[in-house]
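Structure provided below as structure tokens; questions to follow.
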Amino acid sequence: MGRSARIVAAAFVAFGVSSAAWADEKPVKIGVIASYSGPYADYGRQFDTGIALYLKEHDGKLAGRPVEIVRKDAPGAAPDLAKRLAQELVVKDKVNVFAGLDFSPNAFAVGAIAKEAKIPAIVMNASSSAITTNSPYVARVSFTVEQVSDPMARWAAKQGIKKVYTVVADYGPGKDSETAFEKAFVAAGGTIVGKVRTPLSNPDFSAYVQRIKDEKPEAVFFFFPSGVLPPAFLKTAAERGLQEAGIKLIATGEATDDSYLAATGDVALGLITSHHYSRVHESEKNKAFFAAAKALAGNDLVPSYFAVAAYDGMAALDLALRKTGGDLDGAKIMEALKGLAFESPRGPIEIDAETRDIVQTVYIRRTERVNGELANVEFDRFDRVRDPGKP
Amino acid sequence: MTAPALETRGLCKAFGSFVATNAVDLRIAAGSRHAVIGPNGAGKTTLVNLLSGLFRPTSGTVHIDGQDVTRLGQHERVRRGLTRTFQINRLFADMTVLESVAMAVAERQGLGRRFWKPLASYGAVMDEAAQLIEGLRIADAAHSRTRDLAYGKQRIIEIALALASRPRILLLDEPAAGIPTRESRELFATLADFSADTTILLIEHDMDLVFRFADRVSVLVGGALLVEDTPARVASHPLVKEVYLGTAQHV
Amino acid sequence: MTGVVSPMAAPAALRGAGAWKPAELLFWTLPVIGWFAFPENLPLLTQIAITALFALSLDLVLGVAGMVTLGHAAFFGVGAYAAGMLPAYLGIGDPLLGLVAAAAAAALAGALTSPLMLRGSGLSQLMVSVGINAMLYEAANKATEVTGGVDGLPGVENTPLFGMWSFDLYGRTAYVYAVVVLLLLFWMARRVVRSPFGVSLRGIRLNAARMPALGVPVNRRLAVVWTLAAAYAGVAGALLTQTTQFVSINVLGFDRSAEVLLILILGGAGHLYGALVGAVAYMSIHHLLADIDPEFWQFWIGLIFIVVVLFARDGALGAAARIRDLIRNLILGRGASR
Amino acid sequence: MTILFDGIASGMLLFLISSGLSVTLGLMGIINLAHGAFAMLGGYVCVVALDRYGIPFPVAVLMATLSAAAAGVALERLVYRRLYGAGQLDQVLFSIGLIFVSMALARWLFGPQPQPIRLPGWLQGQVQLPWIEIGVYRAFLIVLGLVVAVTLHRAVGVTRFGARLRAAVDRPAVARGLGIDVDRVFVVAFAIGSALAGLGGAVGVELLGLDPSFPLRYLVYFLIVVVVGGSGSFEGSLVASVLIGIFDVAGKYYVPQVGSFIIYTVMVVMLIVRPQGLFGRPSP
């Protein structure tokens, strides 16, 4: 173990962060745990974009303190790795705050360390409801799957849709989405006529889509993680002519993730989705945010809800640190985070004082062409939506 | 009358429509040295495979000491004293000679399931292996890896592995294949030393060796037994001359 | 080495084979050095030790006995879940009991799957192992209510080790615990490999067709080592659960099966130490590269694999052996000694 | 009926994309896990040609096939040939290394997002017949799959090249003695394998999607086809692909809650019944 490990140590000295300054100049150290490699590497870049933009707008400081970012790569769902990295960030890098956290399992694992080390963790994406319940040192600025699925059900019911078929990817978030949708939809008087969970690595949707077509529901609600699955599903749905057969397609915003929408193509046109952020959200703040983030991210990355959450996470931390007067004590920061309310590029958001979870507006959008590019155009909204998973 | 050491009754083996072994009735008396000869493709190796349990017969039975072993696997027949060598070496390339022979000895002593003490610490095993290696005059190669040895030596190891299980019945499938005549003579001399009480069934091409070594000879043609007799009479049998010796000269 | 092997000399020459060589003893000082040299990296070192144990388990079946598998995470996962469910459902938090339960559960899984694994060989065997792994993963995914699915099983909390040492944030207890378990199981594996049983496994790998002719029930032996290796993998999984106090479905992931295979090949299969060296090398390189270049470390590690294969066959141990031979030959001036 | 059709189409796609592997792995005996990397190359070439340069779909597919073949030749010359004698484990490590490198390169060049593909109008939509609905693209896949199967069977199964290849693989020394240019035979065979991968990758984008993790995501599927079919047998690969396609699609339609269990169960059961594969030569 000796030699190789020494190389590791040497690298830390060379590339690590030196802790020089003290007193008021002592930096806020933020450990960002996210996917920087592998299929989900964009998530890490999105976070970086949001964080960098906020810091750029604030001279690289939070509440007057300089900021140091330590990035750690935990690609995909890798809780054991995430946990180890969190431990290292505490023991070695001595960070004051955890941030990032794209995948729920990783957030659960890091939440446990946060609790043990009394270091706040700001969840910038992971959307499983129980993350904030499990650890008192977690605050979330992103969303929960239930939070965006539930309004879709209510909206559908409002349109007079009675019979819905649900299709979700067969993993935790998929099941959460299915449950939340069903609960809200049935409560609003609708019926779920069929539901199916599809394997995560699923090359061919034809059988599922055929089945839906044969069932003839009024609408089909689907939830897939953003990436290859939504376009594959939409293509098959278009090929089989679901819309022509009078079956409406509704989904959560993952299906039309801003950063993948161009690649998804015209099959997404007309799709109704529910989510908390669209890059074409009508507000001055968003216009400025999106333009600046786009400039920062470069050509091949469209800033999405990941970047917004990262940006808001930094804003929340900034506000909290102002409240503590720059005190970096974990418990004090957590106290300060509770009940924060401020204007985000996505609209007004707040961190619930009780649950430390996000409360925000969820929008109903339709995929349309705006200036020649596909975009999620908001046309209806549900204000101050809480996570329905919380009591 | 005591049962023959090895016996087959109506033994048949077909691969698809090709009949490799056709109703073979073979009786090999205890202590005899029995050779099976026949032209290429006569089904000699198939016969050995059937006897040793590598193949299951299509029909017919195999008996050891009068007991039906047709349904027993290879290793179970070895436990009953029937061991074979292979026409093409089947050795343990990365083991030393001593290791592989010791392994075979350990298996015969029933130690193969012991998983705690090192093989090398079983004195009885190592002594027996060393003796066998010495007896076969390959002691100088004891600590060489099998893959590094010359072919002739490897051929002896092939036999050493079989002898390590102290067979009562030994099936030798062309033991001298591919080694020079002089060496094969020595090999057979050694074999004779080592297996005085062993029943031997020998498959061999070299007629000189067969006639010197065996006391009975069976001739296999087209999967069926043609003749069985003493070497001298087989050699002079007109049918044999025609189908076998006649062909052999062309080989 | 010429001359007659006397019946007594031969055993003497081999009898020493069981003793620990100086190089081995030196190797095992590394964990101690690691403790003092990298007190802040103990969680990483712990996971290296766990991965090493997992790779060791794979080496027992693949390197020693020659069974090809790309589904070894199945048993890692069974062990990890056993160790997680014990405290989560039964409230039994003792870590050592957890290890025993994990070993037992994984061994059972091994025993049950061994008939499937013994039907074919080579690629066919490989794909059966992939299938077993995938089916277990799917089963765990379907049973999210029981396993906690991707988000992890709630309530995995262990009591302090021997009632004295709790698993701390610095990972000190975890490190010592993992290393001691690794050493203990390595010692056992080392004995097993040198025993008659172990030698017969090597025989099966080198020439499976010959072994029945020596009286060896090949499938039974393979079933035993498969079960043993499953138990080892289960203990590795349990260690991961206990040292991270977390278990989720990713313990059963195909990635994990593939990664441990790569680690073993990288280190060199069949020598036991290859598994350890591979784990140390791969995890260190991975850690290092991921820190330097979090986005493209995969490129570099891929390149390393390619270079290793092209220029250093048989993994790190193979390369080390060649270098050792080269040096020995240079020093002794023996040229090609064999 | 539609389900059967979909199953066959899905199986044909599997066949198209795996048939190359039954050349490199099945016939040549290289554990070429990087097969998907060649398919991914084909996919990217096809998408770029279609999308950025507006090249017609058939030409783009041809370009994809040729570039994968070229990459195959280059890699064979440079590195693969040095692996023929190597142990299988080394081949595994090597080809996984190649996958990692190719994935990183793809990400560097095209970014991690999935690539869009726009098929020409004549390949889109569905034809409605009284008793069956036929997706045009799926019909295209079936036809293409059959064409490839027949061509392969002719080219490798019956011709002298096929005989030479088998000789070169089984007994390289003997083959050389017979005047066969073993090196060239291997290059050509490897090029065929890679070209088929490229072809499969190109026509597969529509259904499988395309992003840098492509080579790993579908690796298991390729292997299933080749192993279940029986190493080196195109007929086997074809039958296995279609069977798996039908089982998979029918399973998803009739018992959707079982999900991806089906494909693995089918595989394991088939391998338990016939360890050597459907059309494999039984080992003695």
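So that you can tell them apart, the chains are marked A, B, C and D in the order they are listed, and the count of residues begins at 1 in each.
Going forward, contacts are C-beta pairs under 8 Å (C-beta built on N, C-alpha and C of every residue); 3 or more make two chains touch, one makes a residue touch a chain.
Chain labels with UniProt names: A = ABC transporter substrate-binding protein; B = ABC transporter ATP-binding protein; C, D = Branched-chain amino acid ABC transporter permease.
None of the values given here were measured: they were computed from a predicted structure.
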item	value
Chain-contact steps, minimal, separating subunit B from subunit A	2
Of A-D and B-C, pair with higher C-beta contact tally	B-C
Central chain of the complex, centres being mean CA coordinates	C
Chain located farthest away, centre of subunit B as origin (C-alpha)	A
Separation of mean Cα positions, subunit C and subunit B [Å, integer]	40
Euclidean distance of C-alpha centroids - subunit B vs subunit D, Å	46
Geometric centre distance via CA averages, subunit C-subunit A, whole Å	37
For subunit A, residues contacting two or more additional chains	38, 41, 170, 199
Two or more partner chains touched - positions in subunit D	107, 259-260
All chain pairs that touch each other	A-C, A-D, B-C, C-D
Touching residues (chain side subunit C, partner subunit D) in the complex	116, 119-121, 123-128, 130-132, 134-135, 138, 142, 254, 258, 261-262, 265-266, 269, 296, 298-299, 301-306, 308-310, 313-314
In the complex with subunit C, residue positions of subunit A that touch it	1-2, 4-9, 11-12, 15, 36-38, 41, 44-45, 71-73, 77-81, 83-84, 87-88, 90-92, 104-105, 108-109, 112-113, 116-117, 128, 130, 134, 170-173, 175, 199
Subunit D contact footprint on subunit A (complex, rising order)	38-42, 170, 196-199, 201-204, 206-208, 210-211, 227-229, 231-232, 235, 239-241, 259-260, 262-265, 300-301
Subunit B residues touching subunit C - in the complex, by the definition given at the top	52-54, 73-76, 78-79, 83-84, 86, 90-95, 98-100, 102-104, 106-108, 111-123, 125-127, 129-131, 133-134, 139-140, 142-145, 148, 161-162, 164-165
Residues of subunit C that touch subunit A when the two form their complex	30-31, 33-34, 37-38, 40-48, 138, 141-142, 144, 149-152, 154, 169-171, 240, 244-246, 248, 250-251, 280-281, 284-285, 287-288, 290-292, 294-298
